[in-house]
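Per-chain residue numbering starts at 1, and chain names A, B, C and D are given in the order in which the chains are listed.
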């Protein structure tokens, strides 16, 4: 079965994309398998300057999930262009550049620098990372702010712009509609839920950053709900993310209204999860009686 | 170790309270153990009239959690007074009446009827149930509305009023502060997260109600984060709920700032979980070096 | 336990074997067998899954409970691998009444068959004549024909594809074999129960529902009776009088 | 696998036994042993837990990897019950370099001892003289003294409560026994490594960190070097040159 998916800027040979922050810039996973099997790759958030991120511990385990408070550690967009993109250019897969910043201008600056990098096929605005103070979080939780950053990024960008939304909001539909209206070419749902753990030995928060982003299977029902709600309210494609571990999970997201998916934390648990899903997905689609992948998209409300 | 806790209206011999909707009116669990071992019981939401709730399926499993869309099924406050409270009166435990409704007046009506029931020691306003259309959800997601229902309930109530908040909001602190200001005697955190599952065989939502409330260990990190944030922002006690399965989890909530806790879905998985926790909690407190339970409360930020 | 009884136990898995296509049988050593009745069920914790799985009690032997389960989803698939101990809670629900009857007709479809086995045993021990009609999709999915015969039942089989017994449903087999008994005890898929509920007026049917608590507290498993009152499958059932429930 | 190699395997658990207070040893049959080096680690999936647990490789024998783990939390507690197969991923990290040295000093604290065992073996096979100093809280927690001796190492022990060997830390034992070797390979708790990092200038230390991916992609496990650049414990380490990391 042909499971290719065409989205703005992205010619995905299959709908499986490792999620930003969970795959670095591909180098480490390239030691395990050929990255060309992937539909695409959402690379780690890029900011204008280098960021060291938060102090450690940055990782905590939770029931069927994990918290992270990496804090957008990255070497800055110039270093990424110089040191990471040439490596990725070897592979036949679609690269989405995840863009982050501490203010709106940061987004524009990163986009302008990436515009003439042919390896980048689309942008993914991370307006939702909950781990940066005065950073993306504010933008992602207010429709006006989300719309505005989308608009100025669209103006700056020569490639399609996807907006990755925060699930830590009262009304996800309102925000999705706002970014659609502002010109977004697609929506990515969801980033992490804001959570916390305590270290019982000290009685203090386990993460040095106090709170962190919850990901993994635990959040899948929330992600599915948001995809389902937003898919019925907007006319741009949705990339679903949150707790995906297998081809059945992918089908659930397709049924909920996603056109493609990103796989995040599961890459840590099963480093071969993406190729496995790619192998299994046609079989699973057949098992449930689909003749092609489009039939599955949004079936839950169609 | 004495693990009793004194809260407005509630003289808890221990801080363990089965959560509303997860324990009915106690009768079924009374066949398993003596309810007098419990600190208190939060009984199923009462509405002015009988409610049949949502169509079935109402239950779905999720990774380390579950979704429910019961829809506040209950026989109505009069029937509860007649048929349920006399049974509960036999036990030496503190009963919290969970109050729900489709509009503000419903809350007041239920409270007025329960005011002269001595077995009820406090109210818990469910302004957060995500499963009732035009129901609590609107109230729980806007600070002004939450404050207003709190205020009129306080005016009607002759017993302390706790407000149980929805986690499906952008800013939990804002809402908590609003209900504190409106006179709430305590805050209960959290109700369920709104989630969804798809039935792959049909491609449709698994729950007849489409979405449901996510509970169980999966949501514990979100609950802890909200307790931690709110505990530092208000001066009224907090009862923590969300994914508690053992005495260690209870200590995590105490450290995060809760004075007592409710145990919800775990009652289904381990029907003896509450007495087990009550037995274990003193040992766990001792193990981590606490001389009394107050030392543990809010330690994460003190 | 010092604060009450215990309906929860880590039962010893004595055996766990495949007996038909996707159908497994597990024998559990447990004191909970002592209080069990036919048609009741237990709630099973499957490692790695949050909610318990409700499974009917198929046979009760002193300190042994036998269950028969079908591999339907992830949880029951995992059950096929289990050995050692199993966390069970029960017995739950009301069960099939064992009344004074000269003749009873048991109609089971798929994994509705298991609870009828202990029911047959107990009716036979009260000297009733027991006819068992077992329905399945195909011959490979049929199980327990010999076991019901060995108890002393008259047994008829129906398969949807006709590979064994009557081609069609259990009701077709009843017609074909002129089974006339009017007192019916039945368990199986909803469409079958609906047909039986229409055709018969005496007896009991056992229902399935997605459950959380399994003991009557959560209101997750409700059905409505014909008057519109709600009933909990786990506590007021799973066995209901014929004609009582709005199916 | 058709799309690449496989560093993930369901290894066979050959044994899983307690060897000291809260300390267990597990032998795994796995092809991943073929590429393993001393000081590398594997990531283990413990049933019921989401993230993998990083555990050092203690010994490499053809198709067998030996790990030694301490029961620290829920995951390692669960590991003590495991039998059958274990989902492992590795070998990961850089490992201890096996350089041309006449003499090496191994300093292990607690579960920092295990990776030093294979390291000792490989240095001994290159004819280095190996001294191993093993620190622990008390005599009951000490393990592998005889095993290091059997390899041919000089072994000194330190316990915090003085119930075995020198009372105090491994460094106290080194002082007491006039161990003069200056090339140190060490693994153990952070305070010990800090002291060693100050006292010695030649050699390597192996660090621990909370990990998610274990292979360098997530930036969860970073430390800073003395110049302020960040290093990933899982990929750039866990073994670092003495003095390189800001501890």
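A few comments on the model shown:
Following the convention adopted for this analysis, a contact is a pair of C-beta atoms (placed from the backbone, for glycine too) under 8 Å apart; a residue touches a chain by one contact, two chains touch by 3 or more.
Keep in mind it's a predicted model, so treat the numbers as computed, not measured.
Using the average of C-alpha coordinates as each chain's centre, C ends up farthest from chain A. With centres set at the average Cα position, the gap from chain A to chain B is 34 Å.
Averaging Cα coordinates per chain places chain B and chain D 46 Å apart. Separating the centre of chain B from that of chain C, both taken as means of CA atoms, is a distance of 35 Å.
Counting partners per residue, chain A has 62-65, 216-217 as the residues that reach two or more other chains. Touching two or more other chains at once is no residue of chain C. Taken as a graph of touching chains, this assembly forms a single closed ring in which every chain touches exactly two others. Touching pairs of chains, sorted by label, consist of A-B, A-D, B-C, C-D. Across the interface of their complex, chain A is touched by residues 62-65, 67, 141, 168-171, 193-198, 200-201, 203-205, 210-211, 214, 216-222, 224-225, 228, 243, 248, 251-252, 255-256, 288, 296, 299-300 of chain B.
Residues 1, 3-8, 45, 49-52, 89, 209-224, 230, 235 of chain C touch chain B in their complex. The touching residues of chain A, when paired with chain D in their complex, are 21-24, 27-29, 31-34, 37, 44, 52-53, 56-66, 68, 70, 73, 216-217, 265, 267-272, 275, 279.
Those residues of chain C whose C-beta lies close enough to touch chain D in the complex are 47-48.
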